[in-house]
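Listed after this line are the structures, all set down as structure tokens.
Consider the two complexes below, in which subunit A is the common component and subunit B and subunit C are the respective partners.
Now for the complex of A and B:
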């Protein structure tokens, strides 16, 4: 009967466990094309921490993204879910319209938002012109100050619907009596939200936050197509940096990018453990 | 009384207006590309936001025949369908075993598989590239399929294990009394009873892999092996400033997902949200 789990374990060993170990092995070697390797000990790690400004730029960008975006995603998602829960008309249409972006591939999302941010005929500048704020026009993804935030905004566009659907499912799973009791007690909707709904769906919200956090720590596709990490490394993320060092730049070494990956792996692991600990349920609500 | 009624009404109206605005923001971009996909680039340069005057459906034929969309579609279909099939069987077998048999290390295996969900892809991607090159699987659809199975396996096992563990034990006891073998128990009880969860993972895996970009961009180089996301990116590069044609290309890429959504929206939403609700 152990036979049942064998194929999965073999796949896991060959395509997940072994590559992880090999990446750590890579990180202490220089690996030239053709498989010629040379042991360099911790040189890559020293180089990374001592001299690699681009890496720290990438880390700052990624952490900014991972720090801000989960709050936006989950916050907007929760608000939208509450609106639908309040039984507005056309709820079905709203839900479909809001959820669709989740299903679209990043490549399409990226091209779409490149057009939205286009200086001459993009929607963003067109809207600003139409309300008389010509001065605020930007080359949104072409300027180092606005590029990262423009990408974060586009990314949030894709994910808000997902969080909405999950929050809605969690709210619908709450016991009716509690919410009805609150209504009998003349509890306003704001108090109902803060004191009843949020605490009761807290495990779901925490899951969503951590899920969003993990997603942002690995963000690649959108950045790669929209800006390629530019301008001036202002949107470089750790993922795009690893990809560039490994497959784009002619450094002919897979060891150094493996070092970046290994360090980032440890950072992500620590952050997720930290978050889980921070949000751990001190007293479980029973209902 | 009238006061509260009218404030309620006002509140509802404001709420609806906000929701309508959000809907424009969320769905507007689609309508925009949909309308541009039916207009020529010269029409778009004249006014990027007008509705199509004449519907240029021939652009779809042109986009399909003037590029390798046929190849991209076929590659994506082969890779995604075979990966999803393999995932369903391998994943369901593993989940069945972990949910139904007690053996030392059972929970450890589940925990290890579960914790893989948080791994950033970089930790495996460089060494996967090396290994696939060594085994001559680099730039092949088979290699990409194997990697796709591996990246979606943890989530599949996690979702299925949760569901299989809740199937009543009585069913299994009865099957044992009837003399079912382990294999029969899996095929005749777990699989049919677990069908809702299996359908969920099938749809989830389908969408995720159909849209997958990072592994494809690292592991595939040849034009004839490109999957759809790579193809769309290539198409955009080829058409340069031909906005009208690119929109048509984008619409072609979106349509299959929208069709799946139209038919399985409930299942799909369940699939996308499975695992996050507790």
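Now for the complex of A and C:
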């Protein structure tokens, strides 16, 4: 038994447990190249909570993203799944087309959407110009009012297909007799969706929401490539801020970025535990 | 007899083998170099030439160069050097003093022949009495313009100062906007500094070198009336539509194309390394062959303490890893560069200034006139050495990038808020 478990445990210890423990250790030190460390106690934590307004902007942006985007991702995914379940024309083609963004790397997605959002020749503004809405043209990712939402939209475009596939599998797994009974009772599509399908696939939706929430709480790639956290920190997320502090702050110190990462680890952990508890309790109340 | 011959042959073979083994094989040495400029053909050719020269001097030496874009290079360096790895030589900008503070660089005072390097260029890399970098690339902040467009708008600049007054410059911006032409081409999509060119050059002219130096060192408030006046002036330019609509997302390479090809703009303030992209063939992003390139100095500020002032800075440099196993080879490589021949080669092929002593009169060919104009525009210039990024660190640097480089010129914050934020990040009192 131990022989079989040991390799997996070693991998877990080396690549998951140790980095987490080390991050907490780093967070109370100044870490410089060459193994030079200096214990600073809780100084980084005090600095973070007392003086770091950029961190709080990053937290606000990340929580906004994590609060809104999972609902969009899962909502759109569910709608697309229902379209496919209803066998819309060209369903097979749509299934491939809607799932394809999931397979594309963040770098490509980011570049693609930077082109779409380009002020001068991007598709978004060209469409507006073509229908006579020149005044609605925006520097989509260049203005604090629109930048974060533009990124959230691009991110949702990438992940809706994943949610679609999972929802479609869940819908197909529903007992046919329940849906057929509803049809015999002249239950319309909308009522069937609201009162039968959604409640029955609720565990799947909850899992998707929690997975999406966790993903959004550590979103980095798309933001880093498209806006770098700007303009004026309007798209700064906690992950981009950690990276900036670690690699772009003209200091080699890894202590302070580790403090940010440690705090955020605790926040994400608490949120996930809280959400899981909340949804589980509801299940008990309903049944 | 046959057996005796066999024994003799075997003995001879063994002897030859032993003799061969006794002579140690010359060990291969590899000098590694990581550099920015992956897409700068002339700079790549220049550095490769020096590498081949070093290899030709030592049969056992191979110079392995890895070319990067700047941001990926810095990310790779941070990871490698933290782990005690990294190349023997690497590219670095002088504002990255954290490499010095953390003991990651080798002092070059005794490795390099400094006789052929300008003193002002060397001084950009001098900290704590030692020299840490080899100043290959140098540049002044220049205000390039489209001569035809400027003439169409009814303006001209010429000797001796090559500059407009601040009132005329404001009027130029307003007129260009009214005629649907972008007055000042600039984009900050992938760089933390171009958006601040206009503001910091005008601050330098208004304050003069001493007070401007204090401002950058945190000793002068951004709420100083003269500073506020400059921010107010630039705010007026922004409100008049000075910058492209796509300012926040326009990348550096795209802004070059925007200026000289499509859709075009009047003025393009940028480091004099403009040429390293613009003088490429048009199909490689260079300016059109008949492009009417002009150069002016930034507008003279009313009551400016030094209207002839402009920024001169050392940019792309090579440094040596403190942990290198080949310090002598690294020094020899840099000394190949530190010669008038290589200085002239840099000037004539890269077409950007250099910290290596060079003679512009040696330049021939189609770009000779460009260098004459560059000299003329700089003839009466007084230089301030270093860009704001070479002074700002941590939160101050981040505030500079987000506010002075992006938010303020994009019109996202007014001058009052911008100076408040800069003070909060940079002013130490």
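Here is the rule we use: the second predicted complex is superposed on the first by the 280 of 287 C-alpha atoms of A that agree within 3 Å, B and C clash if a C-alpha of one lies under 4 Å from a C-alpha of the other, contacts with A are read in each partner's own complex, and residues count from 1 in each chain.
FYI, contacts are C-beta pairs under 8 Å (C-beta built on N, C-alpha and C of every residue); 3 or more make two chains touch, one makes a residue touch a chain.
Note that the structure is predicted; figures quoted are calculated from it, not measured.
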{"item": "First (subunit B), second (subunit C), both or neither touched by A:85", "value": "neither"}
{"item": "Between subunit B and subunit C, more extensive residue contact with subunit A", "value": "B"}
{"item": "First (subunit B), second (subunit C), both or neither touched by A:139", "value": "second"}
{"item": "Partner chain(s) touched by A:153 [first = subunit B, second = subunit C, both, neither]", "value": "neither"}
{"item": "Touched partner set for A:32, first subunit B, second subunit C, both or neither", "value": "second"}
{"item": "Which superposed partner A:247 touches (first subunit B, second subunit C, both, neither)", "value": "both"}
{"item": "Partner chain(s) touched by A:119 [first = subunit B, second = subunit C, both, neither]", "value": "second"}
{"item": "Subunit A residues contacted in one complex by subunit B, in the other by subunit C", "value": "246-247, 254"}
{"item": "Touch list for subunit C against partner subunit A, complex", "value": "74-75, 78, 81-82, 84, 95-98, 102-104, 244-249, 263, 393-395, 397-398, 401-403, 406-407, 410, 412-413"}
{"item": "Partner subunit B, residues of subunit A touching it in the complex", "value": "1-2, 4-5, 7-9, 11-12, 14-16, 18-20, 22-23, 26, 31, 35, 80, 83, 86, 88-89, 93-94, 96-108, 111-113, 115-116, 121, 123, 126, 157, 160-162, 165-166, 169-170, 173, 203-204, 207-208, 211, 214, 217-218, 220-221, 224-225, 238-239, 242-243, 246-247, 254, 257-258, 260-262, 264-265, 268-269, 272"}
{"item": "Sites on subunit B touched by subunit A in the complex", "value": "12, 15-16, 18-19, 22-23, 25-30, 32-33, 45, 48-49, 90-91, 93-94, 96-98, 101, 103, 109, 112-113, 116-131, 134, 146-147, 149-151, 153-154, 157, 182, 186, 207, 210-211, 213-214, 217-218, 228-229, 232-233, 236, 243, 246, 250, 253-254, 257-258, 261, 265, 268-269, 272-273, 276-278"}
{"item": "Touch list for subunit A against partner subunit C, complex", "value": "32-34, 54, 114, 117-120, 137, 139, 141-144, 230-233, 244, 246-252, 254"}
